[in-house]
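Worksheet: one structure, shown below.
All chains are identified by letter, namely A, B, C and D, in their written order; residue positions are counted from 1 within each chain.
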Amino acid sequence: MGGKVIAKDSLGEFVSKLSERYRIFGPRKKGTEWIFDEVRSAEEMDLRYSTTILPPRKFFIPTSERIFSFKMDGGVEEPEERDGPSLIFGIHSCDLNALLLLDMVFLEGEFPSPSYARRRERTALVALTCIDPSENCFCESMGTGPSPAGGYDVLLTDLGREYLAESGSRRGEEMLALAKGRAVTAADLEGKAKAIECAKSKFKKKVDLKGIDELFLRNLDNPVWKRLGEKDLACGICVNSCPTCFCFDVRDQLDFPMVGGVRYKEWDACVLLEFSQVALGGNFRRDRAARIRQFIGHNLGWGGASQFREFKGRAKCVGCGRCIRYCPAGIDLTEVVKELRGI
Amino acid sequence: MAKPKLAVVKMTGCAGCQMEVLRIEDKLLDLVGAVDVAYFYMATSANRHGPYDVALVEGSVSTPRELRELKELRERTKLLIALGDCACSGCLPSIVNWVPPQESAKVYERFLEIHSKKESFQRVYPLSAHVRVDLELRGCPPHRDAILEALKGALLGIKPFLREHPVCVECKLKENVCLLVCEGRPCMGPVTAAGCGAACPSNGRVCEGCYGPMSDANASSLAEILAKRCGLSREDLIGKFRKYAGLTPAFSKEASGGI
Amino acid sequence: MRLENPYLAEECAVKRVKRQTPDVYTYTISYPRGSNRLRMPFRPGQFIMVSIPGIGEAPFSFSAWDDGKGIFDTTIRTVGNVTSALMKRGEGQRVWVRGPYGRGWPMEEAKGKDVLIVAGGIGMAPLRPVIELVAKNRRSYGGLEILYGARTPNDLLFADEFESWKGIPDADLLLTVDSVPKGIEWDHGVGVVTTLFDRMRTEPNDSIVMTCGPEIMMKFVVKGLLAMGFQPKDLYLSLERRMKCGIAQCGHCQIGPKFVCRDGPVFPYSELRGLPDLLV
Amino acid sequence: MSQIREIRVDYVARVEGQAEILVKVMGGKVEEAKLAVFEPPRFFETFMVGRRCGEAHEIASRICGICHVPHQVAALEAVEDGLGIEVDGQTRALRKLLNYANHISSHALSIYFLSVPDYFGKPDVLSMAGERPDLVRNAIRLKKVGDDITERFGGRAIHPITMVVNGFTRIPTKADLEWAKRELLAMKGFAMEGVDFVADLDVPDFERRCEHIALSQADQYAINEGRLVSTEGLDISPREYRAHIEETHTDYSWTKRSIVRGRDSFLVGPLARVNLNFDKLSDDAREAAKRVGFKPPIFNPFMAMLARAIELVNAIDDSVSIIENLRLENGPVTEESFEVRAGDGFAIVEAPRGILYHNYAFDSNGLIQKADVVTPTAHNSRNIERDLEALAPELCGMSPEEATLKCEMLLRAYDPCISCSVHLVEVK
């Protein structure tokens, strides 16, 4: 696939050209943090962001989504999708890899989700190599960053005064055709490699993945879980900010005066008590210890690709560090792994 | 089928919950079509005595007269719903339960004289301290959507969906900047039941806990975090937990200073 | 290609409601004429998602199935919103059904082997089709032994079919209850279902065990059978977890790497051993 | 012939809270005229002691679920007074907007939900829906506009959350303001018609001269700030309140009752406000009042309903002009972003049903040492009894039903908030 080198000055023009074809969502400052939000120009974006509060999965699996509406006397209506093409600008490698993982859940199973497929299809991805990982990032350990190996339409890498823009798809090629820039040289690719090396040297958190699935299954009774269960608030922040957590609840809501209603889904979280509750008050994960073990175990131990395909070895966690950044109780899954390993 | 009979009853409270019931404006006319409002003193002068299918009871129990009324009501009511914090946990006025009785007697110069005629426990009790409560709609006041859900549930004979998970869930789903983690402000969201739509954090304020404890509140851990991260003193922490729901089992330890 | 919304269900009619115990009813549900589900392959142990608009959706196993007619039975204990609404609305009501989903009982693996069924309470529901299938293809299977326990004699499902089960060639039915209320005649065992192991004739070799019931019961069943020399790979359990989608997406039913809806609900014990959040 | 009559209303419907009325006439002489409140006391002033002054308004809000905004504003102003904080114009404007929103929904409730059914022989507003569908729909909508503005600007319709000491935790956006203006203007027509509608009702002919007290400001219709003035020449600042207003107890009621020291009971609320601030009303409100023949001062307490209708027009007009002049220059503040110090602060605010007095003293840690709150209904309670006394001879000639209804109508005209009247501390 081709590429171009775009001067930083021309990025605005590129974005405005893109905005003629796509609704653009990019990182925008919100208080001390960032969120992915609709933007109209490059100035509205802050491409030096670290991570956003909610991961980009919110665009593909909305926090709350109507499955269908119904009338009591029969008749079901699926929501109409009218949205045109959109584009996520500046998605980091961790979040991009997270989407590839969600694809396994919502596209590759026996019952693919039409709404997810549609949204994936109509959404272009302009990825951005991370040159300044935050103190909580560990994508390198997870093999998901700091620069993505694929899955993007366009990949931007900050080379100082310019961006190296590489296309990763036909759509990417078309997008790059809109950009003003010069041809890519070997020096540019070298610059990218250097930028990645430099980024790698900045990671403070690491996870040793060797035999990690067995590590977790061997340690189901490790006292660490009990201790975490005492600290854990079961607030759900970790799960809701996780880019690969896919769980949801399904509920019916009747309108008043009860002639019809909607069946909708909403993000759910395994750390919440209700998540595993069944009729008559039964609960398979009543203890917070079991729930925090499920969250961390699912992310680093038994979840991920091995749950959806035959092969093993790709964890559900992509190392974005959000759950660490936002946990009020200071629970850090990289530390938990160390503890399980007895380090 | 006869329309279910609804009663809206007030005990010791501020009427805010009844006001929230009235705020179902757009659905009010439909509601009247679906239920028979048999008793609602604030809204109508055509009040009938039970039996009722559903009773929404606002306020806590603070006088012998109310206790009598509540017990009678329970007998006449199929589904008794505690409407709002006062009914569920005593709400802010429950702070008085920690005040020695002599102090509250100062409220009235001739307290004892009045007291002999108009008795008061000088304490507030949630309804569940005295009768079986079928459903609790928490919040100060509970959101009208929850009230509607409860009424629909009553009409359908099912348990309504109420958010028992913490405010943090709704707060995150709204993509608010976390006031506790990012700004070090003493937010009660992690132990407080949702349902308000994370009203306070979405409006730049820390959650004060007005929906009472969530299903699995880890009060002691949050107390530790608030002390460490936000520098709250022991007194501050008591104040935080002894506010809307200090009487609930989940908060009572922290509300009493950790004992 | 246009993908079909997997949550859309087929509107079916409840043809018959039969009371089994004070809180368990068998619902005979029929697909509408011309439904493309009519010829869906069905395996005992699989489940369907049944919903009532406005109330909710819940997973239930088949307790019988008639391929030709597109009719199936599901035997349901009234415990919550969906199940109470089903019970209250009774015959003639319309319900939404989607499925079948999941991996059922190992009817192929069991061919030529003895079949031991151990059921507790409502857990008999998904096992009834196994009994019927074995009876129908009697020569494909070895001996059939059914151990069934319930709280009281009144809580035994399908009591009116016990005689015909006993009539199946080379089949045994052993019953036990936790307690017998006054005034009820009972000449079977009293005690938990594992107490029947003493009287059981199925041997560990060349046999397949299928068990369903409360997880804590299955725990003791597995423990007892392992001690008797049964192999983990021959012990099949049907598990129950909260379920919202039935299609390995909502995440509620996960047990470690397994989705109960996709990889189960029936699992050989060898696949479950060592997984988190299990009682067994 | 000695005639004994007793009129008793055990539990007055369509007013907030729980109260009974007892009137006894013997031989043409009034023996008793009591407003007995059995709504239990909640001891707010007791349990506020020891709480942080930054929470005073949040706690005080729960004194009343109808006039929560004025309670909050009064508590905030009193605490700020004690802390020596001077808030900016934007905060004051937004607070006034919120208080007006509260007046709008409370007045709409009082007129159409609580009082008007009496004049149509109906038990409640919804049973009027068949006959007067437009009236009912508009009344609901008018009340909703007030609630919705409170919700959008205050974060919640009942017990709002964005108002804090020294500002707001969320500043409304331009779009919020434009929306509010649209919503308000959409109801202007109905509010104007409301004045004529209420003026046409057959309001009891009754007059009793008494002192009327309200807040007053030189340059605007006063609801959040100003001096306390009266028809008898009172003119004091909030700080001087206790020197002039005195509270007493009775043994039959949990409500305390106020009188002006050395004088008598007095009336607060919409009638007092319109009487005393007639020239500060918006042009349309004043014109509408004149058109229906409202000539201040009016001493018929039943006319409070008309005053409310006039105030609805004024609240809409004044809110719109506040919105038009708001520039939203200052950002939000956090819940307790002020320096604590010892202080003693006072404030008086107009709740929909009359003046509300708050006073807090706190120590150098900002912990409340003393709280003193006097609510409108406490202010009015003695005056209601004095009206009942004056009404009593007339009641004697009526059928029991008529007499009862008249008493209830009088009470409803005062639009009492009984819950908030019963929590009072005698400060010594």
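Heads up, the rule we're going with is that a contact is a pair of C-beta atoms (placed from the backbone, for glycine too) under 8 Å apart; a residue touches a chain by one contact, two chains touch by 3 or more.
Keep in mind it's a predicted model, so treat the numbers as computed, not measured.
Averaging C-alpha coordinates per chain and comparing to chain C, the farthest chain turns out to be D. Per-chain CA centroids place chain A at a distance of 38 Å from chain B. Spacing of chain A relative to chain D, judged by their CA centroids, is 52 angstrom.
Taking each chain's centre as the mean of its C-alpha atoms, chain C lies 65 Å from chain D.
Between the Cα centres of chain B and chain D there is a gap of 25 Å. Annotation for chain A: residues 251, 254, 258 touch two or more other chains. Residue positions 156, 183 of chain B each touch two or more of the other chains.
Viewed as a network of touching protein chains, the structure does not reduce to a path, ring, star or complete graph.
Interfaces, counted as pairs of touching chains, are A-B, A-C, B-C, B-D. Chain B makes touch with chain A in their complex at residues 27, 30-31, 33-34, 148, 152, 155-156, 161, 164-166, 168-169, 172-173, 175-178, 180-183, 189-191, 214-216, 218, 221-222, 225, 229. In the complex of the two chains, the chain A residues touching chain B come out as 30-33, 35, 53-54, 58, 63-64, 230-237, 240-241, 251, 253-254, 256-258, 266-267, 269, 272-274, 288, 325-329. Chain C contributes residues 54-55, 80-81, 84-85, 88 to its touches with chain B in the complex. Interface residues of chain A, counted against chain C in their complex, comprise 67-68, 70, 72, 74, 76, 78, 105-106, 109-115, 117, 217, 220, 245-252, 254, 258, 261, 263, 265, 268, 270, 275-280, 284-285, 290, 293-294, 297-298, 301-303, 306-307.
Residues 10, 12-20, 22-23, 25-26, 28-29, 32, 37, 40-47, 62-63, 65-66, 91-93, 95-96, 98-99, 103-104, 106-110, 113-114, 117-118, 120, 122, 124, 140-141, 183, 185, 196, 199-200, 202-206, 208, 210, 239 of chain B are the ones touching chain D in the complex.
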